[in-house]
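Naming follows writing order (A, B, C and D), and every chain is counted from residue 1.
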Amino acid sequence: MQTLTYRDALNQGLDEELARDDSVFVMGEEVAEYDGAYKVTKGLLEKYGDQRLVDTPISELGFAGLGVGAAMVGLRPVIEFMTFNFAFLAIDQVINSAAKMLYMSGGQFNIPIVFRGPNGAALQLSAQHSQACETYYAHAPGVKVVTPATPADAKGLIKAAIRDNDPVAFMEAEMLYNVKGEVPEGDDFIVPLGVADVKREGSDVSIITHGKMVHVALQAAAKLEKEGVQAEVVDLRSIRPLDVEAILRSIHKTNRAIYLEEGWAFAGVGAQIVSLVQEEAFDYLDAPLIRVSQADVPMPYAKNLEQMAKPGVEQVLKACNRVLYR
Amino acid sequence: MQTLTYRDALNQGLDEELARDDSVFVMGEEVAEYDGAYKVTKGLLEKYGDQRLVDTPISELGFAGLGVGAAMVGLRPVIEFMTFNFAFLAIDQVINSAAKMLYMSGGQFNIPIVFRGPNGAALQLSAQHSQACETYYAHAPGVKVVTPATPADAKGLIKAAIRDNDPVAFMEAEMLYNVKGEVPEGDDFIVPLGVADVKREGSDVSIITHGKMVHVALQAAAKLEKEGVQAEVVDLRSIRPLDVEAILRSIHKTNRAIYLEEGWAFAGVGAQIVSLVQEEAFDYLDAPLIRVSQADVPMPYAKNLEQMAKPGVEQVLKACNRVLYR
Amino acid sequence: MAETKSRTRSDTSAKPGTEDLFGFDREELLDLLRDMLLYRRFEEKAEEAYAIGKIGGFCHLHIGQEGVAAGCIKPLRGDDYVMSAYREHTQAIAKGVDPNAVMAELYGRVTGASRGNGGSMHIFGAEERFMGGHGIVGAQIPLATGIGWAIKYRGEDSVSMAFMGDAAVNQGAFHESKNMAAVWDLPVIYVVENNHYGMGTAFGRVSDVELRERARGYGMPVTSVNGQDVLATYRHFEQVVQEVRDGSGPQFVEVNTYRFKGHSMSDPVSGTYRSKEEVEGAMEKGDPIEILTVRMMDAGLLTDGELKEMDAEARRISEEAAEFAENSPFPGPEELYENVYAEINEHGRLFLDGRGEG
Amino acid sequence: MAETKSRTRSDTSAKPGTEDLFGFDREELLDLLRDMLLYRRFEEKAEEAYAIGKIGGFCHLHIGQEGVAAGCIKPLRGDDYVMSAYREHTQAIAKGVDPNAVMAELYGRVTGASRGNGGSMHIFGAEERFMGGHGIVGAQIPLATGIGWAIKYRGEDSVSMAFMGDAAVNQGAFHESKNMAAVWDLPVIYVVENNHYGMGTAFGRVSDVELRERARGYGMPVTSVNGQDVLATYRHFEQVVQEVRDGSGPQFVEVNTYRFKGHSMSDPVSGTYRSKEEVEGAMEKGDPIEILTVRMMDAGLLTDGELKEMDAEARRISEEAAEFAENSPFPGPEELYENVYAEINEHGRLFLDGRGEG
């Protein structure tokens, strides 16, 4: 198996899908001549030309809508947001056009489009460049949302997302682009949407999470092990479709769980999972489900405050101990 | 006490605050010469002139941002979105500018602004005109969110929202504008943010809800009473600040609850309340908390499908019976 | 025209250029007249149906603007695309969508153009390449630009026509779209139906300059035409469409017209924002159907009887559409969860409302 | 200018209009030179500090564009407002924000202009009426328009100056804002710093027409000036500011300039999107500090010694700013939940992260 960075795994996935299907094109700011602000599309311009790797003006609303229109007539656009922070300008076209088009047209126009880019915080980018935006997309039926945490998942899921016939918000992370991992060879490798992945087995407590927090969860689980606690780390991978069975399976096993998410708690993904679990596994719960999330503040710039604001291993341990009544 | 429609109560509240404070102005599409698309600002143009009641071009992003800028230098804008469906075009200025300005300026620029307008579904307005958008605002620290359900709350809360020194998303409902109710006289009448209201006392089950669903909850409670079940209806009124104590008080009393909301369940307000309750009152719960919400689909146009999509009395009864194990 | 009535040269002398038939032959003229009569009667029927509660929600009539629908769309080919906002019933019909399907959509029936899911604001016709029917002012502009992108991407020679109202030019989407279309030379025709009002707001109150000036600054051709003169409009668009098809890149056309009805059903025809006189004057002098009728009669190409016959035919079709709609079933309950997603993934749950998998 | 070096007439002969001092007297010229030297040395210091990890996140330098900061902002009054994007360090200083506070903000210290909460992209100075420091491209344009609205609302005679980059004109917000400012005659000056690139994208690749053409269609005055010539820029803005103050309504000014550094710290100065030759040529011919220096020396208004002295002073201030920042404390942990809300309501919970009331 090849070892790739998350960045290169995405690049490979995009490359294979561009090669496989002429109707796929990648559009966004700096994706072509500049190889992508984070170099995810490196080399693809030379390979596929400027009709399939398209640099745009800074017009998020415009090019997101352009992508949706192109998808109405059968193209499969991959629209890159330099980061999802900037997608607030385009969200009307995602929620009101892409997500509702198939329904309000009575099934005539499906929208096979991928909106992708880094989501959440990197390092000291402060309030306007650090928001985790999953909730804004996952809330709305008509959208699918995926958040790969590893290179293999990044490649397998980007391919699945591009082949999917519905709008997919594909949320990456700047902090993950350099993460290395093994990635299966061959362009038939796919990670289907809607399949969670148990990143670590455990029987005492479930740490359910998604995206870059998977790595924080694994660090916490390693520490817990030293204390004799076996934590199971469930990586949702897809937020919609949601692998409810995998979540319940873990709860049935551990009877205790926390949800770890990068973003804010209020009506976040964690709130949804917690509600769902207690609705569907109430009698299996030996303790309340605790959420670990970003401090309920805009992301501060100062290094020390940013550290405090982000959810970290310490908070995860505290939460796990709480639900373990230790 | 005077009896007013929700519409006139809002109008009175706006009128009083415009009279009270020169720095208050109302801006939006059709708010002035047309008296407001839903006539909420009727008569205010004549009274206060076109500098304080301002018709805008259809430029949601632009005039929302203009309002935030005006608020930076001490004006108190009331920005009307003809409906919150259209605010998706402006949400960048709400989330990235208004909500984060005070924080990223180190406390120098607070944003005393109200974004108001009808939210959620009316009758057969279909997918793009029927969305309930609370989650999009309540998720973000820096914003406050209120959802009055009665004329008195509408007047008391609009006045409180205008006087508040932070951005407030003030969510009304087309279906409520004609609802009549008693409203205290006198411009010192205020409903403070962050105070829930028990709209009906009961000891068997809590129906926690907000906005127009309060009326559905009350209808359901009336039916339950006939079956000998005393349902308590807790109207949050404010979603942020959230009256956690009032919620817990009701739970401690009934030990069983459902959350009723107009919008979608996934990471909705209900998900937040359910998560919070089981985090903070786990041992008081005799049954899981069930959410009743819109069907997880864009709002259909056809009368019969729209009926099915909306949360109604029947679903509330079913959910209550479920948590009552009847 | 409240009622079709005969005309003599005398009472039309006021009308400018009544002689000018732009070289259309009689059959072509009759077709355009027939089309516009249908649009008018069809929407009058819808208005009736709305009044008695058969149609719900928002309903925006195009009455008075029929010249735009016929004059802009009829010069198009079947494989050209048309996208519009929410005042689109007649444009859908002009592009070939069956009047029965349009009316059934207004009635919210499963036989509707959008299976009753969309309603008045969301008429779609995939086969006819009528691309909706969009309710967010300005949102259709980037969408139609994307269709233009796809046409160019595939090297096809069809065009994408984007209708919008005068008020829509104040949306950022208008600006962003025109810039991209110009940079990438997309085959898009941006058509502003300038009926001079956005709801209750006169254009002059929300723009410092004439509408067509607002389209400058992108380097694309900007032209204007009188939409109440369907023949002039048709000829103008014949040329614009050909130029765009031949690779001129995007073009912008302002079509001047007037809304004879209120903005939507709840909005009075006149009152707060425009005077009774203004509206009556526009209806008297600027009715696209009357203008064409008079010209044809003056030229001896149309008799009173023929007009009455055609009008009766238009009424019959509209009547039948209403009956068709009335007799059509509502969508079945199983449709509630259909068409949310085109692909129900093999794994995971897509619907999370706790009502079960729909 | 890597290093200040003496000049003789000979090696400046290439530079156009070197004689033209636009009627500034020596003190005024020395002030402008002093300002620009400070901006340059200040940012070079920031660059150093970033390299050794004292500054984090995104950091966008204005080096090469100092003429814009001095030439546009110095003609303003203290009660005028300036708002910018994220390349704003020198503009903040030009408007009066203490260099120590700016540097401390870059260091993320509590003594910073924004208490360390904002960082490089979010410098604010309420007292100096420097309104930030905004990170969403184009978002500052409606905000600054709103400040103009407030000025007019209160009948004051100050002006609101909105800086933006060339790439920002492709945002819908630019279009919506200009239209509103024009309709309402707001005292706003829209200043585009045209450094010809948005990150790696040359303006010509994302616009079919010259930048100033993109400002047409709103009926506001559109002018251009060479921002590398601080004297010409200053005089131009003196007039524009006066006109706007006197009620001309909004104006648009394109200031041509060039970025000597990469877009941000991670971006190479030249390479993929612009050639080494292009950058070197621009630095050789278009350095605003050198251009002024040479003119003053040619006019005998500046000696080598004076220049070296001023430059040393600029370095000293920058050095001190870095020391001030270095010696300043980080914000205390209690600040994490401060300044999220201006008003902690008496009732209800505002922070819902389960970490307790912060």
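The rule is short, and it goes like this: a residue touches a chain if its C-beta (ideal position, glycine included) is under 8 Å from a C-beta of that chain, and two chains touch if they have at least 3 such contacts.
Note that this is a predicted model, so its numbers are computed, not measured.
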If you tally the C-beta contacts, which comes out ahead, A-C or A-D? A-C
Just grab the chain with the largest centre-to-centre distance to chain C, centres being mean Cα coordinates. D
Compute the distance, rounded to whole Å, between the mean C-alpha positions of chain A and chain C. 41
Return the distance between the CA-based centres of chain C and chain D, expressed in whole Å. 47
Chain B and chain C have mean C-alpha positions lying a whole-number Å distance apart equal to 36
Multi-chain contact residues (two or more partners), chain D: 114, 116-118, 122, 134-136, 170-173, 176, 179, 183, 205-207, 340, 350-352, 354
Which residues of chain B are in contact with two or more other chains? 56-57, 59, 61-62, 85, 88-89, 92, 96, 103-104, 126-128, 141-142, 240, 264-266, 272, 279, 290-291, 296-298, 300-301
What does chain A use to touch chain D in their complex? 29-30, 33-35, 37, 55-59, 61-62, 85-86, 88-89, 123-129, 264-266, 290-298, 300-305, 308-309, 315
Which part of chain B faces chain A closely enough to touch in the complex? 61, 85, 88-89, 91-92, 95-96, 99-100, 103-104, 126-128, 131, 135-136, 138-142, 240, 264-272, 274-275, 278-279, 282, 287-291, 296-298, 300-301
Which residues of chain D touch chain C once you look at their complex with the stated criterion? 170-176, 179, 182-183, 205-209, 213-220
How about chain D: which of its residues touch chain B in the complex? 81, 83, 112-118, 122, 124-126, 131-136, 139, 141-151, 153, 172-173, 176-177, 179-180, 183, 338-343, 345-352, 354
Under the definition above, what is the set of chain C residues touching chain B in their complex? 56-58, 105, 108-110, 114, 116-119, 121-122, 134-138, 167-168, 170-172, 198-201, 205-207, 272-273, 330-331, 333, 335-337, 340, 350-355, 358
